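In what follows, subunit A forms one complex with subunit B and a second complex with subunit C.
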Partner chain A sequence: MAHHEEAVVRTPVEYAYERKKRSDQMKMQVVTFALMIFLTLIAFIAVNAGFSPYYVAPIILVFAGIQVVLQLYYFMHMNEPNMGFISFFMWSGIFIAFITVLCFVTIIWWHTAW
Partner chain B sequence: MSSIAKKTGFGATVWDYITTVDHKKIGVMYLLAGTFFFVLGGIEALLMRIQLMRPNNDFVSAGFFNELMTMHGTTMIFLAAMPLLFGFMNAVVPLQIGARDVAFPFLNSLGFWLFFFGGVFLNLSWFLGGAPDAGWTSYASLSLYSEGHGIDFYVLGLQISGAGTLISGINFLVTIINMRAPGMTYMRMPLFTWTTFVASALILFAFPPLTIGLALMLFDRMFGANFFDHTMGGNTIIWEHLFWIFGHPEVYILVLPAFGLFSEIFATFSRKRLFGYSSMVFATILIGFLGFMVWAHHMFTVGLGATANAIFAVATMAIAVPTGMKVFNWLLTMWGGSIKVTVPMLYALGFIPSFVAGGVTGVMQAAAPLDYQLHDSYFIVAHFHYVIVGGIVLALFGSAHYYWPLMFNQMLDERLGKVTFWFFFVGFHCTFFVQHFLGLMGMPRRVATYGAEQGLDTFNLISTIGAALMAIGVLMLVINVVKTAIKNEKVGRDPWGDGRTLEWAIPQPVPFYNFRQTPLVRGLDTYWIEKQEGNEEGMTYAEPLGDIHMPNNSILPFIMTIGLFIASFGALYNMDADKPWSIFLLIGGLSILFACMFARSFKDDHGYHVHVEDILAEEERLYGKKGGNN
Partner chain C sequence: MDVNKEFTAQTWPDHPEQATLEGKNKFVGFWLFLACEIVLFASLFATYLALKNRGPASMGEEFTTQSLFELPLVFAMTMVLLTSSLTSVYAIYHMKNHNFKGTQTWMGITVILGAVFLALEIYEFNHYVHLGFHYTHSAFSSAFYTLVGTHGAHVLLGLCWITSLIIRNNKRGLNLYNAPKYYVAALYWHFIDVVWVFIFTVVYLMGAM
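Right, the complex of A and B next:
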């Protein structure tokens, strides 16, 4: 399986197409990277500006979530075709984990704290 | 020398089964081990029923009764129902999708041995100071204060067998996604494959919460942690949530494959395409999805508050919708079909009213206010036995008859099978129907006895008589198996005459490589299509006859599991101050495990090729000169 290697010969059209696709991908990766740095900056600023933790904590959590999604889609290639099953399972797992955490935070922790 | 030459003899056969990675043999082992634990759990149930036969009985002590009921539940769920279903999944799913084995044959073997030794470990507690006694749910407020090592056996045993289940679940997911034959699109997969797929996804998501819960329990009991101890700032409700986040999907892990098995049986013996195939698939996925959003309906009386109870009540009732879709689809499959009432069909026909009864009482309990009345009464016991016996056990028995010829090339006796069904079916309703009334009359579950003046005697006696009838039914099934094995009459391919799916198109006995050529699937019920078109071979091939790549057998899974088994005893006794040797067991066992993992990781095993001449020789050995498909 991993032991035989195939030599791929591309036509000039295929080559141009691949090149165009790669450069588009590259562009998106750079944009995403800049966006992620920007989100991180906002997070740092929010902490340093001395806003209320009740405001800062949720903001940072939301940004963290966005960064995870950007990372998955643009750097770990989940935006490519044939990722249907993988993203379905990942999102299902995230959803189940989310309601589990939601349950622990709300009906166990808050509920018993009162 | 041929690459597939085999030794014969008893020792060689045992060695072959211990080292095998063949899904068909692993399926048989699951079936054997699952039946063993099923009988064990059944004996525990009978002892409980004898104790409850009359008021103020002293057949067993109250403490022993607690151990019996705990082990009955744990054994039946983890060690009987799941392995038996895995047995059918292993035996059938690769054949249904046109694969030569599962995606990870080594892991398949490892999964089996982990389950088996986890179960043996759990049951050894009977001889080593007492079995677990806090119920199969093992609520932390009770189990943390349980004397002796019972609960430790529960925690470690379930941790091991749970790892096996998780491994098998992932294996089936990958197998079904990656190993389907050409043309076997998702919407052409037989329903049993679909339900196996969804159940495996549920295993993937549901078992980690159990693992975490058990790990926290382990820390609390063995290392003095306080996750569940409210006097130390812990919270005992966390265990209940973790357990039921696993525990409710577990119900669907069990019942969805049972639905799949019945879907196959209904379509085959109604001699009609399954009605509403795509809605069946949709309902299966929807049940799997909703199954994760309803766990707190087991905890209505914990005091979650009205809002939480209302949300979980509504979500629970929503599950009745896709389940109802399935029931109507089965009915409409039979509608206008040319029905043949064989033993599997008899079980399927008995399943519908029994399971619907269990479902209806389930919706009753989903209404939170009513559940305050029903909670912890025999009504609950009646409900879940209607679901599990009426749904899953009937599916297992029916499928045992249905798939017996596929697995063993023999047909179980039909007449004896019908008598078995009636004994079991009547016994089942006799046992559990009256328990609804016992619950409404106020009999709490998990009690070792009751008073003579409470008016519960008659129904309890009826229930015990029913349990005896069920036991007779199980015995008759065992006799049927023995009788069939002695008679040893080969039945050949498609013995029911109405097989629709790919597994029935394979010549019998199934060669170890399953398909000499990978089949091309041309639609839903592909074998039916080929038969309609008069194709004698039963399948269209997607490739010419060529070398087949097969995995090597391995003893490593067995040794790994032995290592884990030994290490578990070390962990168990390590909390006793007077057993300093236990640490050596722990280290020794884990060393064996890690040595095996190291060996597996650093020594590549590429499997071997079965060459064309070997295939032809094997076919001549199995089917004589003329070959298999003629």
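Right, the complex of A and C next:
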């Protein structure tokens, strides 16, 4: 093939370092997962406890936002270098999503008899 | 670079999913697709929020979010899907270490958890339909089934995709041909989880309040 071949030849030290780095990253992912489970538990408990929706709704929405950012930046590696273009795609998509939802919930009125 | 070249853990590149031009293109293209999926789901969420608990005047209060949804089932579904997201992280971790067996095993576990999630969702929908809350019952029911059903269809597609990856690469082992394939499949699976986080928050938790 036409592409120039990047032959990767690692010394044993470099190899051990790479493995260690990936293993540390994996530990970080497990911590992220624990945090996501924790946020989910708090959200379900807060709703079950029957506090006023005016307090609980914003809190669980913020929790959902945090979980999504954790998923995108840690599980999907958007925190790595050279992801600027991709972050631009994703945040543009999120911006349009926000505008769409805001528009629909504020502009549509349904008169119902019951 | 020859995509069928055999690697060892020592010679395996740091970013095998982007080591070839095809891999790079798949990577960027797939992220672009996910950004578009955000917009697709935004329109479904917006429709659902606008039509939530709305319908014909004769609809009554029997089928509202408060009376319909059962949180314990949703909690179980959430835990299963969140865990399956972590198992696909493990699969990619092993892929980067050039441990093919590990990749296959963790992808297999991801598929099993995804299938459990889908089975629970089918049970849930079946239960609602038997209560009389079917697709054409009201504006609310149509919006609900379209939103949650589109997510379920994504889960089903992801299951078929990852299962076929596991089967057809089983004898090949890891190389630069299939590394991007595993990588983007895992990205897709994470995205399914991202959407579910908003479904359980906006549809189920805010509906139950």
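The rule is short, and it goes like this: the second predicted complex is superposed on the first by the 97 of 114 C-alpha atoms of A that agree within 3 Å, B and C clash if a C-alpha of one lies under 4 Å from a C-alpha of the other, contacts with A are read in each partner's own complex, and residues count from 1 in each chain.
Heads up, the rule we're going with is that a residue touches a chain if its C-beta (ideal position, glycine included) is under 8 Å from a C-beta of that chain, and two chains touch if they have at least 3 such contacts.
Quick caveat, the model's predicted, so the values are computed rather than measured.
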Task: Go through the superposed model and pick first if A:85 touches only subunit B, second if only subunit C, both, or neither.
output: both
- prompt: Of the partners subunit B and subunit C, which touch A:61 in the superposed model: first, second, both, neither?
  reply: second
Query: In the superposed model, does subunit B or subunit C contact more residues of subunit A?
result: C
Message: On the A-aligned overlay, A:40 touches which partner chain: subunit B = first, subunit C = second, or both, or neither?
response: second
Message: Let me test your reading of the model: by the given contact rule, A:108 touches which partner, first (subunit B), second (subunit C), both or neither?
response: both
- request: Please work out whether A:100 is in contact with subunit B alone, subunit C alone, both, or neither, and reply first, second, both or neither.
  value: both
Query: Given the touch rule stated above, what does A:24 touch, subunit B (first), subunit C (second), both, or neither?
result: neither
Subunit B/subunit C common contact set on subunit A: 85, 89, 92-93, 96, 100, 103-104, 108, 112
Message: Looking at the complex, which residues from subunit B come into contact with subunit A?
response: 177, 201, 204-205, 209, 235, 237-238, 241, 245, 289, 292-293, 296, 304-305, 308
Query: Can you list the subunit A residues touching subunit B in their complex?
result: 85, 89, 92-93, 96, 99-100, 103-104, 106-108, 111-112
- line: In the complex, the residues of subunit C that touch subunit A are 1-3, 9-14, 19-21, 28, 31-32, 34-39, 41-43, 45-47, 49-51, 54-55, 57, 59-61, 71, 75, 78-79, 82, 85-86, 89-90, 93, 96-97, 139, 187, 190-191, 193-194, 197-198, 200-202, 205-206, 208-209
- prompt: What residues on subunit A touch subunit C, complex-wise?
  reply: 1, 3, 5-10, 15, 18-19, 22, 25-26, 29-30, 33, 36-37, 40, 43-44, 47-48, 53, 56-57, 60-61, 63-64, 67-68, 71-72, 75-76, 85-86, 89-90, 92-94, 96-98, 100-101, 103-105, 108, 110, 112-114
